[in-house]
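Per-chain residue numbering starts at 1, and chain names A, B and C are given in the order in which the chains are listed.
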């Protein structure tokens, strides 16, 4: 299987990815139609969609571009806050559908702008800098949002980075953003179909990007930066293209996520969330889109499945995580599975997934 | 192999998400709070508190019997909504939660849709009860606590130059601080230092204490939980700085911190509805039972608040005549009507003569306490009354 | 004088970061992995000292030695069970497993010792140093932590440069394959690195908690991340760099708390980090890497 020609592999990625989404959508709709979908499952649908998008988005950076991002949740956060801020303020006077569409557009653009701000200085350099800088960026954004207060009264808009009291608002004024309390009173907009639609659009975009001229240039950069440079590929601009696209997708996912809950806080999008998304990408097989989708679903749902264990829940989750990584990635296990003669994706994914850098380090 | 696992997992997922009906003879009451993660102390305490109350209610054999389940939310809104939905699948009819504020806002919005009766032990933001008329609090709201504290300090002349150290990344703490600042300006208290910390940079709190010292504060207001407070007390002691300390209900529990030198807390004042060392029978019995279920811990105010929540619901439920075969929405309407009725009042661990109005806020007396010889003592009766007036005004 | 005392507080915090960063940088330099569980090993060390010394009344030296032994054992076990099987797999896979181990330790500690905070008694029982007639106070914990990190830094530099296992470590760090061909027991060296790193974590835990006494299962998480940042700041893989990075990070954090904003001190720390990396990508004392074609 692994020896298939590139065209076939591309076609298969397309097919598997869309098939997975179609099965996911179909199964959920079917159970919902038959009236057997539990509240828990219903509540999980939108977060799962958002995390699938995040996993695809991060996969673009980690698997495809070969750079490590440890602060991807920050782009989700940027999209969520900007999009929802608009939705809650200016959007409130617009017709419902228009305000939602605009929230997505604005959230996506905002995340994209942050992508440019982070990407332009960093992507010129090669090495692990992106990992550290994105980690730092995530912490900065979280800290700033956590102490940002915005209020509006008849005198206009007030800002403060200290506390609500320093806004000096009139008593009738409305506080729109309350630091650690974040944005509250969000009118919920959660439709599973919208989530699926966004995933499909993301997939179309990402798969086309990967198979375009630009995509091949990006792959070339990942596999050998110096060789790519020597044939005249503009490293920074292609890297930036992939990175900013990824940020925009993360921003859209953030808006989708935030509209599903009545309150939004910056603390949610911390380093742990970034890491969780990275876990999805690595577990699914770096560079493998279908893998990322499946891993996103499993890792979102797993802690919920473990509710029966009450306090032992997260403890068991950690063990499952370690075991899954060992089983999926440990060379001894991989060899053992191959000896069993099973058809395994891992081999192929493992190869295309280990970035140029990993290759260098590990060989 | 891998595919097989995928299929197996998907199967397990599907199975766990298919509705199953269950018969009921007891009313299903759910609880939500963080029992894992950094906020686990609060949720775990609330869980044990509810457990004790449910056992008592069931053992008493009244008309209302409870079937109880507590779910973890790791202090995260998304997980909290998952916990809520999970409890709904289980058949929950009343929610005794959510313990922390931000998750409570998200869950509250869901509960409003379902018209589920919610009483939170400790989510103290005003926004929580503003979410809907089915959401009630047993704790003071943050505005209430902040205002009452400022009034209390000014009326009793406890300090002239006030320093504040608060957790800006925590909704509870920053909520109280906001209102404290506003009221301090009203009553003419001079706030000389307003120092924040966040969950992330709370390793070292000496700089904030130093800033208060340098500003010449003679009273430090601590609208924070007892864990960082114990660190602040030690830091102040280490630098030979001895201002008065004044806190809110979050400070209760400080004497029970394992290994904490309680002499550092000498003279600390706090406005709290519950103290674990109180000598009344109800508190003593509760502390005893709590030690039993938790394996030796001393209950904090979260445990007491959660205990009271279940007891209030039981009392109101019996009065309203709710039964297990009623829908969650019918129960909610019945409880709402009973609990907001002026004739309804509840005496519990965290106050006596508690009443509720339609806003969902509780009306009860905060007690001004001072730590002396490692024990809580009431500051004095007059002080408590004064602050009650302030508390009522604040509503 | 005020400035000086803020500076001293910064150095105090920084010396703790430095101590943790030394462990981070060792493991990264030799095993080429970010051991995200490092902070949690500190927490375990803290609990061992707490139960042995603060509650058990054991001699503080013995308690710290006990913690070192426990953490070394823990570090070696973690390495054998969770990291070693992944040797040869992409480095990211090990990173994820390290995160799993970090969750494991935090949640395990919560189940074992409950999430109720413990208040730590300082293992240092010396009086504070008073300068300028008591206007400037330097706590004994600070002095001991600084002394400990300097001693450990010097010892590590000596060990790596002057001893046989140290040379082997350098070889493994330079080129693992070549080192193996030269007859170096690569797995043994990596285990040794983890043992040293974890032992250092125990010392860091005892000193971190002596200065900042709140002990909960998540105690190690944030100092761990900050120490990682400190290691990057100073140039990851460089032993003096980790020390310098730690001290500077503590100073920046505390001075920005004192003079700019207590809420945004972390944001400022990370901003400085980004600026430093853009100007000097290999960190303050990091070796410049040349890429061979």
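Criterion: contacts are C-beta pairs under 8 Å (C-beta built on N, C-alpha and C of every residue); 3 or more make two chains touch, one makes a residue touch a chain.
Everything quoted here is computed from the prediction, not taken from an experiment.
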Exercise for review: Treat touching chains as neighbours and tell me the shortest step distance from subunit A to subunit C.
Suggested key: 1
Review point. By mean C-alpha coordinates, which chain is most distant from subunit C?
Key: B
Review point. For the chain pairs A-B and B-C, which is connected through the larger number of C-beta pairs in contact?
Key: A-B
Point to revise | Centroid spacing, where centroids are CA-atom means, of subunit A and subunit C in whole angstrom | key: 30
Study note, to complete from the structure: Here the gap between subunit A and subunit B, centre to centre from mean Cα coordinates and rounded to Å, is 34
Revision key, fill the gap. Listed in rising order, subunit B residues that touch 2 or more other chains are 36-37, 44, 168-169, 196, 198-200
Check your understanding: Of all residues in subunit A, which are in touch with two or more distinct other chains?
Key -> 139, 143, 146-147, 162, 311, 314, 328
Review point. Of all the residues in subunit C, which ones touch at least 2 other chains?
Key: 107, 110, 261, 263, 266
Point to revise | Residues on subunit A engaged by subunit B in the complex (per definition of touch) | key: 27, 31, 35-44, 47, 139, 143, 146-147, 162-165, 178-182, 184-185, 188, 257, 261-265, 267-268, 294, 297-298, 301, 303-305, 307, 310-311, 313-314, 328, 337, 340, 342, 344-346
Review point. Which of the residues in subunit C end up touching subunit B in this complex?
Key: 2, 5-6, 9, 12-13, 50, 54-55, 107, 110, 114-121, 128, 137, 139, 208, 211-214, 216-218, 222-223, 226, 253-254, 257-258, 261-263, 265-266
**Study point:** Of subunit B, residues touching subunit A in the complex
**Key:** 1-2, 6, 9, 12-14, 16-19, 35-37, 44, 70-72, 74, 76-79, 81-86, 88-89, 101-102, 105-106, 108-110, 125, 127, 131, 168-171, 174-175, 177-178, 181-182, 194, 196, 198-200
Practice item. Enumerate the contact residues on subunit C facing subunit A in the complex. Key: 32, 36, 82, 85-93, 95-97, 99-101, 103-104, 107-108, 110-111, 177, 225, 229, 232, 261, 263-264, 266-267, 270-271, 273-274, 277-278, 281, 289, 291, 293
Check your understanding: Okay, in this complex, where on subunit A does subunit C touch?
Key -> 62, 68, 121-122, 125-127, 129, 132-133, 135-137, 139-140, 143-144, 146-147, 161-162, 226, 271, 275, 278-279, 282-283, 286, 311-312, 314-315, 317-319, 321-322, 325-326, 328-333, 350, 353-355, 358, 361-363
